[in-house]
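Chain IDs A, B, C and D follow the sequence of writing; residue 1 opens each chain.
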Amino acid sequence: MTDAGRSTVGESDSDVEAAIREHHPALITYITAGDPSLADTKAYVEALDRGGADLIELGLPFSEPVAEGATIQAAINRALEAGTTPEGFFELVADLETEAPLLVMTYYNMILQYGAAPDVRPFVERAAEAGLSGIIVPDLPAEEADPLREACDDNGLDLVFIIAPTTEGERLDRIMSHVSGFAYVQARLGTTGARENVSGATHDSLARLSEYDVPKAVGFGVSEGDHAAEIIDAGADGVIVGSALVDIIAEHAPAGTETATRSDAPGDAAAALEAKAEELKRGARRGADTITDDHEKEPEPEQP
Amino acid sequence: MTDAGRSTVGESDSDVEAAIREHHPALITYITAGDPSLADTKAYVEALDRGGADLIELGLPFSEPVAEGATIQAAINRALEAGTTPEGFFELVADLETEAPLLVMTYYNMILQYGAAPDVRPFVERAAEAGLSGIIVPDLPAEEADPLREACDDNGLDLVFIIAPTTEGERLDRIMSHVSGFAYVQARLGTTGARENVSGATHDSLARLSEYDVPKAVGFGVSEGDHAAEIIDAGADGVIVGSALVDIIAEHAPAGTETATRSDAPGDAAAALEAKAEELKRGARRGADTITDDHEKEPEPEQP
Amino acid sequence: GTFGDYGGQYVPEALMPALQELEDAYERYVLENEDGFMDEFRERLRDFGGRPTPLQRADRLSERYDREIYLKREDLLHGGAHKLNNALGQVLLAKYMGKERIIAETGAGQHGTATAMAAAHLDMPCEIYMGRTDVNRQRPNVYRMRMNGADVNPVAAGSGTLKEAINETMRDWATTVERTHYVIGSVVGPHPFPKMVRDFQAVIGDETRTQIREQAGRLPDSVVACAGGGSNTMGTFHAFVPDDEVALHAVEAGGSSLEIDEDAGLAPNSATLSTGTDGVLHGAMTKLLQGTDGQIVESHSVSAGLDYAGVGPELSHLVETGRVVPATVDDEDALEGFHRLSRLEGIIPALESSHALGYLERAAGSAGETAGGQRPRDEDRGDLGDLVVVNVSGRGDKDLETVLEETEARDLEAAPDVEVFDG
Amino acid sequence: GTFGDYGGQYVPEALMPALQELEDAYERYVLENEDGFMDEFRERLRDFGGRPTPLQRADRLSERYDREIYLKREDLLHGGAHKLNNALGQVLLAKYMGKERIIAETGAGQHGTATAMAAAHLDMPCEIYMGRTDVNRQRPNVYRMRMNGADVNPVAAGSGTLKEAINETMRDWATTVERTHYVIGSVVGPHPFPKMVRDFQAVIGDETRTQIREQAGRLPDSVVACAGGGSNTMGTFHAFVPDDEVALHAVEAGGSSLEIDEDAGLAPNSATLSTGTDGVLHGAMTKLLQGTDGQIVESHSVSAGLDYAGVGPELSHLVETGRVVPATVDDEDALEGFHRLSRLEGIIPALESSHALGYLERAAGSAGETAGGQRPRDEDRGDLGDLVVVNVSGRGDKDLETVLEETEARDLEAAPDVEVFDG
């Protein structure tokens, strides 16, 4: 039930870890559930699955998304205005049949409040029942994670931790020793959001993490196939893409309104998402090929 | 040059005192010079003289008339806007030929500033030269009056002091011992301005002053013949009327404007002023007759 | 890092090292006075801030309530509220830590102006995040921050008020954490903020405790302070927490109603301690105004400075353990409190502080002015006792427009005739 | 009742007995502390007013001017300016004298608000006369007075500003003198007002003298204060007048020009000590802005609180004898002073006080920021010396709108970009 009871990654029977290892280099996609409606989300998730996503994160919207940039904040607002609730979210998940395992990404208070008075277990149990494979909580650092980690362990869910550019030294060791599913490597300081290039911090982080033998996926700012290639080339096992996909959804949302009504053209959006996923997956593969060609992937052997 | 050099009232050769004693009960009138023009003022003064005024006070306008009520404040503003200056004032006075002696009523700073740097003498000398008989300064109490009193003595002018309802005891004795021309008895606390009745304070003041054998004239609020009668009846030697006359001038001023241009109907205003003076003089006489009929006028003889 | 079940550090991983660094600095400089930090802090509070602030016997309130009422005059602190105690402490600490830049959130603008003043005083670049709505309705405070050289960044998200400004400041901090210190404005946020802000504000209660003993010869029977985030509350209470004989009353904004409208996502109050439920917001486990799903609702109070859906975790703990008694005063009674102090004592209080004064009226009753002209019966004297201290956390100049509008809309007993202002 | 050739009692006869009564009360209560008057005054100044105010070393100004600059923080007094010292003293005195009613004039509203606060605090009915123009442009101060329960009487006469308000208050007093005390707002008016107001304000200089000796170990080389009517000036200077080694600088409003336009009856300045001539206004012989005939002209300054055509007679005397050095700072340099203190020290000064700060820049020069980057030569250090005290007579919250307007119209060196405020 506590750390002692947890298996290490190498011995895991985690769907999540398996998906990354099997489909290496992996594409992990994020969209917000309920943006602009749960019905649309179903179509979008299926499109991403078709397009090659190996893991799919679904955001359960929370009113105070402090880790998100403008793009995902707006998606969350659309989803909340559409009346997205945890129960609706779980029903959607239960209804989905994707090849890629699903993870829920949400803020800690949403997990605490589900069910009776503050307790993480009802949420975790319902998540497992609905078929989710893991949970990502951007405002839950390892130090506060014991109750949720315990509940996840008990229910066979992964609890994915984020490794920031500022995560170093003893804390890094401690968190890496508890990685569940994969290490979510935050590409740069700041919030989520599509960027035009891959930051130097990404390379630094991957170098710092190279000695840990756990799956590493990089997110925050990844928006193009070329980024994916560069990141995989730099040593990652997967890339995580969110804002670039949310942008596509927003473009296809009813014009001139943030009010959440069913998308005018969910079919178009789904097609565009599928195409984007394909582009990103191709990029990731290209990065993997490059590695084989001209990079050392292994930790430097001369280091003890 | 100082108190010792001054004659007492009884032995005075004052024009002002003589005018009151000869024409008892006396009518003393006030208007503001330059309201609405100096030329109008000349016509108004002559009308008051004809109407029975025994002494005429002419206001030399000052920008901060703290002792005046709304009526005379407005008259002063009209006169200032008409460009009334001390020199213009003195020229008007020199040009007037009235039976009634003329006094100037103005604020102390106007006296100080006339001529070279602060000194009261140039003003007093010019006043004497122009033919004025006396000066009244509403913001100059006896305590600050030595320089001006000395200059007036040297130039044969009376310096009239005001006795307020609050003037009592030793200060009253001191001021009454220096009365020059007449004692200006302030009918009530407050500022100048026509009122509808004679205040009880007037009766109290006249009672308090009855033991002093000096001419006493009552001002502040006197506007009708009946007031004049009541005041003379109560023991005064004269009444002072200002705001009621200024009201007449204001009524005849160009309609809808306070801007100082020559009055449209100076003749009408002059006629109204003359009639008002006649009413007031009649009222005063009526008061004097009543006294002879049914009142004791003398100080109580049983008092030592 | 916790107070019973409350507190903690619920923040993005990227901020955790900065919180550890801050905790370390807090322990060394604040708790251990390393390099004379606390000496310098106290000296600057005195010379720049104007401490100590007076504890004033309120003659006419004492008469009205037939007991001794003392006012702690935080309205006289530089900037017009207790906020400077914390802002100056944190900016100075950031300087000791070698940080190069200050950021802060602000709602009504009081914490923003205090931070901008402190940053100017200590020569630190400063940026303030403020909701777009608040920017528009609190222009004078925006001007003051700008005059002090701070940049004001309007936040367009959501309703454009405090909650959104906090979110956006946390985003800035998550991006620039290595060289930037985030000056949180109340006893909220992740550890060590609630403890640290309390310790900077504790000067209020420390002074009060000394002053009341000098002036009244004993400790008070009760201490009353308004509570939004809770920084003036904890600052006033902290010194008295060990004194079991002193009752501590935290007065929250009752707004127009204590009911949450979950469909609209609105609580027409800010009565977190009185009506909230446990949850995590802005880095800490505490009491919150939230819907059953866990979405945070928009709070409301006539006093912008109390208008927050959370509260300091230590206050949640002290309420849970019974040491602090929560109470609510609605908009109308707060306005009455505003007018009453203005007219009776010549002190125009902040609308925040007016809630504490409104509570006084209700809990102490009026000695001579009840409807029937009767004095309150002894059994109605409530638990305030005979010697009461009320913290006047700030001055009300900033609230004049609001008070006029709200007064015109009501028939208040203590208000002057405001119609004459239209002339 | 005079200071050399200045002072006196040039008032209507009806007021003379009241002045004698006041003089008697002043001598007994203020000078001789009868019935413990001064003890109660000092206690209320402490508990209600927040005295002592700090004397603060201004770190960044000291660096800029390469000498020690200390600020006397009257901006921290209750109400936001030094005005309360006098208002509280006079209202308390009126109470000791058995008066039943308080009246006062106000221009910008600072004296009116201070008087209204003091009257509320001491439970005295209070009416404030204020020019109609000033009522309209100083609404917040009108509101504050009303909130404190005072009646505000607009005066329509003339230009509707301070001069007319004083005239009208004197008219009220002449009518109600027996039961009413007129709280004159500065060291002006008939004896004993100039002495009495100075004595109530002298607490500023008394504290400063003690504080500078404690903090700097000696008396200052110079003391700088702005001068309108002169109450903060005399209050700050009084304790130092006997110290011949301390230079006293009275900084007047230079406005936009030092020339009088006699035809228009306007002086675009309030530089009475620097450019005025002797005369009698509002009860005293003093220096005045007047035309050659003796008509008082309208003064002007960007700072409403300095905007007066007269000045305290004692200041006229001290300037005449050379003990006080008058200087002028124009609108623009005052605005620079305002922005400089706001940005460098985190203190937003009143526009009045900003004149003193503008003078500092001119007289002390800038140590590091002159055009060529050169430090001023020793012979240019002027007569300020190495240790300078500046009185910050009030805070500038009240002036924000004026400063914004005036700053937008100018290209000021020290100002923030104000265009952003339009967004």
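The working rule: a contact is a pair of C-beta atoms (placed from the backbone, for glycine too) under 8 Å apart; a residue touches a chain by one contact, two chains touch by 3 or more.
Going by UniProt, the chains are A, B = Tryptophan synthase alpha chain.
All figures in this text were calculated on a predicted structure; none of them were measured in a lab.
Trainee: Averaging over Cα atoms per chain, report the distance between subunit A and subunit B in Å.
Mentor: Each chain reduced to its C-alpha mean, subunit A and subunit B end up 98 Å apart.
Trainee: In whole angstrom, how far does the Cα centroid of subunit A sit from the Cα centroid of subunit C?
Mentor: Measuring from centre to centre gives 39 Å for this pair.
Trainee: Roughly how far is subunit A from subunit D, centre to centre by C-alpha average, rounded to an integer in Å?
Mentor: Whole-Å distance between the two chain centres: 65.
Trainee: For subunit D, write out the residues touching at least two other chains, lowest number first.
Mentor: Counting only residues that touch two or more other chains, subunit D contributes none.
Trainee: Where in subunit A do residues touch two or more other chains at once?
Mentor: none
Trainee: Chain contact topology under the given definition, line, ring, star, complete or other?
Mentor: Contact map by chain: line.
Trainee: So, with touch as defined above, which chain pairs make the list?
Mentor: Pairs flagged as touching, ordered by label: A-C, B-D, C-D.
Trainee: In the complex, go through subunit D and note every residue touching subunit B.
Mentor: 8-18, 20, 157-158, 163, 167, 170-171, 174-178, 265, 277-283, 288, 290, 292-296
Trainee: In the complex formed with subunit C, which residues of subunit A make contact?
Mentor: My answer: residues 62-70, 73, 77, 80, 85-86, 107-114, 117-118, 138-144, 161-168, 171, 175, 186, 189-191.
Trainee: Given the complex with subunit D, which residues does subunit C contribute to the contact?
Mentor: 46-50, 53-57, 60, 73, 75-78, 80, 116-123, 139-140, 142-144, 146-149, 152, 154, 338-339, 342-348, 396-397, 400, 403-404, 416, 418, 420-421, 423
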